[in-house]
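Once you scroll down, you'll see the structures, which are given as structure tokens.
Presented sequentially are two complexes of chain A, the first with chain B as partner and the second with chain C.
Now for the complex of A and B:
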């Protein structure tokens, strides 16, 4: 068996059908993760009595365990919980009705939340305290000051780390194959096993991921130039 | 799907998983050693701006950072034997563990090369100039002056990498290596107590990563001793801030380091 270059293209084309799934998992987990992460970062920064301890524990536990274990635990725990509750309260839903991709969404959002909370926290800490004080001085309330003054600057400061997290989640979405979601990785396996051309199929998948990663990096570089415009210095 | 939740199994599986820590740690250790080697080899051409090799190492770092480790595992596992068959080397009989370690080594090597670049760039340019001024050659200046300082800066980066690699080893089961994750799956298939088994697995990983984090914190304190000896009150916070600063390697490179 030798290398079949034309098959790399064939595999590449058939992998494209799975791109939306991968992107959906990435987008959902990053967006939900960002919301969770922001809430957690604020809890920890403002030391909300009980919540900040829980938040700290959540971040430590999630960051200390592999993403795969989160997915596997939830995959087996959720049906047990849902069915248990449904039986007790006579709900009509059963765990079998939950689509497979739902587990991926939920688990990866939880994972992303912990990682993104650190990103958001470091971004918020990068904004100098004087900005907040100045906002208070001109009469803004704390939520206003956060939204109008602190968040835009924190976003600019956190963008490189945020990009890394997005890429991390994109790469992490390959784990979804363990719960039988057909993402790019699973599609590559299907293409590989049906044609018995493993190397070509995975090469195509690697090239696809590489291209997507480079694209995200480029886009983030463009965005960075836009959002850091306020701090370019100089006079013009 | 599974049986009823029973906390007893968590403890039972936890104990049963313990012997498999060593194989996971073996993968981590050998791939980090390999990664340091690959990383140093890939970083040097970029630090010294060697014409063609610089591009190649850029490509290497970009590829291994730009593709998921899972894809890399499959790619090398299936691809390497075929590529080497073209030059008549048969490696199909090698144990899977060799492929796994090679992939993790290459993967971490890409991150190590970026880390080394950032760390070397963070060493003050004046240090190299001073080394040249006292008559050292380029090699001496690098090994005696820049490298020891860069190592201290690189410890937190390395710590992150080691912990990330530990968590990544959970994917080695896809190629059939019997490490922690693989074992936890076989344990569960016999009794159908999946959740308990995976909770035990998560606990093992958690304890390992916390332990590694503590160890690296100790190492970092030890290595930054030279920073603390001069001007005790002033230098400590300064040194820490300097560590936490995220250096953009591409920008920082022009400001210092051995090249440029």
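Now for the complex of A and C:
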């Protein structure tokens, strides 16, 4: 068996059709995960009564179990819950109407939320306490101080870890194939079934993922230069 | 007029402030002196609620906060009546000198940007930094950062400015530039409370000296009385090194 280079190219072109799906899953899970993660990090840092315990439990359970497991559990749990509720309250919806990609969105957002909460928390911890004190002393409320003073600096500090998580979620999105979502990896499989050239098809997928990852790294580097502009004075 | 009554503060079982009573008249410059660990900084930080006193009352003119059960909006109001200059400057690191001064005016005082900018530029000129408007804190020396900190405090037009050892983090060469700015604004009649180890400066600028030790005020009065004829033995001991040093130089 020899490597069919031209089929790598054929497969690569065909994989491009699945790029939007992969990007959508990654973007939704990172954005929702970032929102969840920020809420969790704040609950834990400010020890919000009751909520901070729930937040801590969420992080340990979700980080303690694989991403694929989350997806599969939700895949089986949601129909039970939705159909059960729909029957009881006489709703018109049925779980079969939920698009498959919805399971991936929900499940991966939950996964990303747990990981990103730690990214956000480390970012917030990197901002010195004096910044919040100075904002308070100027007369700002805590939400104002967080928004205007702490978050921008925390974001700058968290960016390298955040990039890591985005890349992790991009690659993790391939798991969506288990619930019949056609992402890049699933598309590679589909392309290969016509002539059994799986090796070439997966190589094409690898190239595509690598390219996308390099792009994310570049964008992140640019963004990092922008948001850390203030700390390039030499001192402190 | 600022009036502190029975201010207490404990960190766990460690009582740092043991019931402080202090009255500061409008326009007065108060210097709080005392050895390390005497509670000076904690007292200062209680005045704008960066530390929560466990008991007592803080009042500024007609406005009073009962420290037993302060409402959130009272704390907020107290902070808007005060401003603070920090030992470690605590400038907003991601904002330029100008933005640091403007921030409170725009976000807290709700001034329109142009007006805030105009006033901020004026204040930065006053502290001698008109050529550093667009510099980030990391591009400024300690003395310059602290002068931005002073401009930021002045911008808020507070009833009182609290100085927490404003020159302790500076090397000796930079202390002078910061002190001369403080001296300048002291002359304008702004009420100030300064925690400091700069005895000579306190004697010269302050018109009310408070000497603290072990969480209590040992002695207070005009600088002349405190420095030349302290009533308490402890005050005398503390000031001995300073006064004898200055007698050498005469």
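Note that the second predicted complex is superposed on the first by the 233 of 236 C-alpha atoms of A that agree within 3 Å, B and C clash if a C-alpha of one lies under 4 Å from a C-alpha of the other, contacts with A are read in each partner's own complex, and residues count from 1 in each chain.
The rule is simple: a contact is a pair of C-beta atoms (placed from the backbone, for glycine too) under 8 Å apart; a residue touches a chain by one contact, two chains touch by 3 or more.
None of these values were measured; they are calculated from a predicted model.
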Which superposed partner A:140 touches (first chain B, second chain C, both, neither): second
Touching partner for A:93 - first (chain B), second (chain C), both, neither: neither
Superposed model, chain A: greater residue contact from chain B or chain C: B
Chain B versus chain C as contact partner of A:16, first or second or both or neither: neither
Which superposed partner A:219 touches (first chain B, second chain C, both, neither): neither
Partner chain in contact with A:131 - chain B first, chain C second, else both or neither: second
Partner chain in contact with A:199 - chain B first, chain C second, else both or neither: first
Touched partner set for A:57, first chain B, second chain C, both or neither: neither
First (chain B), second (chain C), both or neither touched by A:156: second
Touching both chain C and chain B, counted on chain A across the two superposed complexes: none
Chain A contact footprint on chain B (complex, rising order): 1-2, 5, 62-63, 65-72, 74-75, 78-79, 82-83, 85-86, 163, 167-168, 170-171, 181, 194-195, 198-199, 201-202, 205-206, 209-210, 246, 248
Chain B partner contacts - residues on chain A that touch it in the complex: 1-3, 60-61, 63-70, 72-73, 76-77, 79-80, 95, 160-161, 167, 170-172, 174-175, 185, 188-189, 192, 198-199, 202-203, 205-206, 209-210, 213-214
Of all residues in chain C, those that touch chain A in their complex: 48-50, 76, 79-80, 82-84, 86, 88, 90-95, 103-104, 107-109, 135-140, 152, 156
Residues of chain A that touch chain C when the two form their complex: 128, 130-131, 133-141, 144, 148-149, 152-153, 156, 229-236
